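Here it is: the structure, laid out below.
We just call them A, B, C and D in the order they show up, numbering each chain from 1.
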Amino acid sequence: MEIRSHDILLVGGGGAGLRAAIAAAEVNPKLSVAVVSKVYPMRSHTVSAEGGAAGVAKPDDSLDEHAYDTISGGDWMCDQDAVEAFVKEAPLELLQLERWGCPWNREPDGHIAVRAFGGMTNKRTWFAADKTGFHMLHTLFQTTLKYQPITRYDEYFVTKLLVDDGRVQGVVAIEIMSGKIQAITAKAVILCTGGCGRVFPFTTNANIKNGDGMALAQRAGAPLKDMEFVQYHPTGLPFTGILITEAARAEGGYMLNKDGYRYLQDYDLGKPQPTPVLRSMELGPRDRLSQAFVKEDQKGRTIPTEYGPVVHLDLRHLGEKLINAKLPFVRELCVKYQNIDPVTELIPVRPVVHYMMGGVSTDINGATPMAGLYAAGEVACVSINGANRLGSNSLPECLVFGARAGHAAAEFAASQKAPNGSVWTQATNEVLRLEQQYLHKTSGRERIATLREEMQKTIEAGAGIYREEASLKQARQKIQELQERFENVGLDDHGRTFNTELISALELGFMLDVAQSIIECALYRAESRGAHQRTDFPKRDDQKFLAHSLVRRSSDGSLSVDYLPVKITHWPPGERKYGEGSHKASKQTKVS
Amino acid sequence: MTEMSELNQAAHTEFHPRWYRKRLSTWWWLGEWHYLVFILRELSSLSVAWFVGLTLFQLRAFMRGPDSYGRFTDTLQSPIMIALNLIAFCFIMLHAITWFNLAPRAMPVRVGGKRVPEFLVAAPNYVLWIAVSAFVAWLLLRTS
Amino acid sequence: MSETPKKASNEGFLWLLFSAGGVVAAILIPIQLFLFGLAFPLGWLPQPSYDHLVYLMSSPWVRLYLFVMCSLPLFHWAHRFRFTLYDGLQVKHLNEVIFAFCYGGALVGTVLAAYLLLSI
Amino acid sequence: MADKIVLEIARYAPERDDKPSFQSFEVPLRKEWVVLDALNYIKDKVDGTLTYRWSCRMGICGSCGMMVNGEPKLTCATFLTSYGNNATVRVEPLRYFPVIRDLVTALSDFLVKLQKVKPWLIHPNQPPLSAGEFLQTPEQLDLYKQFSMCINCTLCYAACPVVGLDQEFVGPAALALAQRYNLDNRDQGSAERLATLAHPDGIWGCTFVGECTRVCPKHVDPAGAIQQYKLTAALDWVKSFILPRGHKDAPQETAHD
């Protein structure tokens, strides 16, 4: 078997991966940096982010306010040291991206323009029309093209992390085009594989978001953190799950129930005003808005459709001119995928799984508890998102912690010897496993799609917007059963060349692991906080649960959960308040 | 990344899949309406050459005196010349129209930072065209 | 792709000639061809008399106009026809021959036009 | 409305086949279904060996381009119903690219070309970050914005006959992206890009067929970008002819110089 070696290996070519690659290459141009990605980097899901990226930019704003919004938005589950580093570095990273050519929207005088976003006290979200993620990813990708030391392995699928001596020393990957399985060793590996929305049936996430990195890390021995916190976005198009960006509400869109009533006023989110008010009504945080939807549904005030109940997002009063100027992609998506023109019609929307707050547990530099293993981006949980991520914090997170992980990994790699020979045996075993379990096996009876659908239904029923012990236990049982049936999965495709069915099977395996972890963490957290709402424990419990869940997998596949205290620096836990005047709170609650 | 030549092998070997490449047929431009229009547009250049050739002969005839010029205009009246000139004229019109319509693409005009719609940029071309044509016709038809 | 900037510059020049010729051909040729090729021979409009033409040709402006109308469109033809041959018939290997034929033709035509217009 | 539709799909397995052949599948016809949904239905329920790329299903990742009834399309943005009742829809891999398997084409060549045109901001001697952003007015942004919308879906390559005729042709999307940076007031790299762009395999290879612009799902207008660049390059040549020695592509000034 062929072995390739690099100093630093990135798994994932999205926003976080590319930023980390550039950071590593810039620390030391002599390092050999490799980016392994299962899709061409510019296809990564960062490309679909619409609304924008938060970073304090204007004199009337402050880092403390950004930090407070993030922390209170996260229901005090954020590690505050991480948040402080984050808000401080986010503007610099966004500026760096500007220097690389990102076409940010501008003020008439040529300075960066910022917009309001849900849960944010001030306007601080940088945007490039409503294709922010697209522009960021392409800017990053095009910028990496100029760095010679960066080698790309495009369309390589990582199946396993190589671990020796408790240190991660590389990966095994399939070159999808040829089917060749090979080991790529490295002194440090950074996981940037993105989220896991596809574990759920209805999601804004792309087909490639299967939680691969989370499962890879967990199987290698690293713990996952806060997996119970799954964000639902309140406005997804029914059927496709395509996201209508929060910017639509930031520009002044209304949420209406079946009676045309702005129902959010019934859920402690302030009083309706004709124009948007920060942290109020439609600009409340995502968890609250999604929960309000479920309550409306229970009251019978939603509109039933073929694809489940919906409410309406009303943009009509904004006018064609504003919609075309500020929300062109929203209009394009509605017209192209829902056959609806938001200028004249109401947009049907429903909550949709959008983002994973949890992930591979890392410190403030992206380092996991395992030597040589780093993580950044949605796959990681540094803990700046806590129990609920604020819109537009995730793109800058990819940049800030991508860069930090890149730097840290480069430093670590400098002090390491090249990987030793024992990983070779592991790699050969992995090749055998892949061949015996999938490629050469003809006895499998279970279809991938069937298992996947069952898994998705199970997790939605058991660990959706609202959870309770009984439903979670049932889901746990069912996923266990699916894990067993998965052993018996059979492929139609036994070819080597571009075998996407093999990839789907491996992804399903990863997703089952992730689903298990989500359920396990949700079961043990007997409180309600942010995106984790237990009907049997409706209150937040800081006494017991102001702590991160850590879920580990032992070699026999069983999971165990323990807790790690949340780091509090300046902002003691308080009550999350939304509605008028709530943004003043940020200035009062800081203690030194 | 693997070099393309390495992969594009005649036979399939494991891990070096052979790629299927289709050669473009010589008649590629017949297969699709848009391509055909394109080729016709390009072939309009033959009509341009034809017209210039004709003009050179006309000049030569003119230079040699009224009789020679008369014989030339008689030739132009033959059905075959009429047919050829009709075809040439159609092609020239195709050229003129596509040219005027495509020009704004190559030279976008901006007023106050906003791009002027293409038909507005094309419009002056047409105005100029009509004016020049009218002037030429007037010159030629003036006293006869 | 080898770097041959010199050739690249020539392409720019040839393209300018092509474009200029395209404009001239689009604006001037339709009316000329319509009148001399169709309207006069078919009697839709009265032929201008030889004397009238002599009168017109006595102006240097008219001769310049005719020169431009002949020369630039020939370069337009040369450029387009060259690529039509390359692409339409896929004969790029005859590159040099085609090149010489097209631009050579345009040059010869230009010289002829100059000669005729000067000797009138 | 008929509730079934037939898809004729090009199949090619390099281990087995010498050339592609077509296979027909009948799938349910649903109002909201795009061509990609039908492919997913086949892969999930009928034949797991069907091979194609996709990811976002919202027309932004650029991976699902295929020929649908002879036209390059993003299959996630092409409704089945737009082909009418009882239609047969023919799905093939994007034209002019080598086929790896079924509907998957080889992109490595495109990426080499992309890298060649240096699609990144070139600005030597950048001031430190603390100096703040480069200024760019909305008007200056507007000059290149359209050309920055390219999702690298390569539909334009499948539309452009020159790509089919000449493998060396840099092609519409890469040229448009080069022009995107050339027109950016923060960039000073146009002189560096000139050699690759003003080349018979670059802009001069384009005969303005215009198909690239017609099929582009993101309205990038590569044809326009290329023609505009031809004009710049030609005038540049004139300048260098008139001022043979002193001529240099003057870097554009930015706010911080």
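We take it that a contact is a pair of C-beta atoms (placed from the backbone, for glycine too) under 8 Å apart; a residue touches a chain by one contact, two chains touch by 3 or more.
Since the model is a prediction, treat every value here as computed from it, not as a measurement.
J.: Need the central chain here, defined by C-alpha centroid distance to the all-chain C-alpha centroid.
T.: D
J.: Comparing centres built from CA atoms, which chain ends up most distant from subunit B?
T.: If we average the C-alpha coordinates per chain, A ends up farthest from subunit B.
J.: Using CA atom averages as chain centres, what separation in Å is found between subunit B and subunit C?
T.: Computed value for the inter-centroid distance: 12 Å.
J.: With chain centres taken as the means of their Cα atoms, state the distance from subunit A to subunit C in Å.
T.: Each chain reduced to its C-alpha mean, subunit A and subunit C end up 63 Å apart.
J.: Where the CA atoms of subunit A average out and where those of subunit D average out, how many Å apart are those spots?
T.: 28
J.: With chain centres taken as the means of their Cα atoms, state the distance from subunit C to subunit D in Å.
T.: That pair's centroid distance is 35 Å.
J.: Please list all residues of subunit A that touch 2 or more other chains.
T.: 154, 177, 496-498
J.: Show the residues in subunit C shared as contacts by 2 or more other chains, in ascending order.
T.: Where subunit C meets two or more other chains at a single residue, that happens at 83, 90.
J.: Going through subunit D residue by residue, note those that touch at least 2 other chains and give them in order.
T.: Within subunit D, the residues that touch at least two other chains are 14-15, 100-101, 106, 108, 111, 137-138, 161, 165, 207, 230.
J.: Which positions of subunit B touch subunit D when the two form their complex?
T.: On the subunit B side, the touching residues are 1-2, 4, 7-8, 12, 17-21, 24, 28-29, 32, 34-35, 38, 42, 102, 105-108, 110, 113-115.
J.: Where on subunit D does subunit B make contact in their complex?
T.: On the subunit D side, the touching residues are 12, 14-15, 19-20, 70, 96, 98-101, 106, 108-109, 111, 137-139, 142-143, 161, 164-165, 207-211, 213-214, 221, 223-224, 227-228, 230-231.
J.: Going by the contact rule set out above, which residues of subunit C touch subunit D in the complex?
T.: Subunit C residues touching subunit D: 1, 3-5, 7-9, 11-13, 15-16, 19, 83, 86-87, 90, 92.
J.: Using the touch definition up top, name the residues of subunit C that touch subunit B in the complex.
T.: 21-23, 25-38, 40-42, 45-50, 52-53, 56-57, 66, 69-70, 73-74, 76-77, 79-81, 83-84, 88-90, 105, 109, 112-113, 116-117, 119-120
J.: So in the complex, which bits of subunit B are touching subunit C?
T.: 24, 26, 29, 39, 42-46, 48-49, 51-56, 58-60, 62-63, 66, 69-70, 73, 76-77, 81-82, 85-86, 88-89, 92-93, 95-96, 99-100, 125, 128-129, 132-133, 136-137, 139-144
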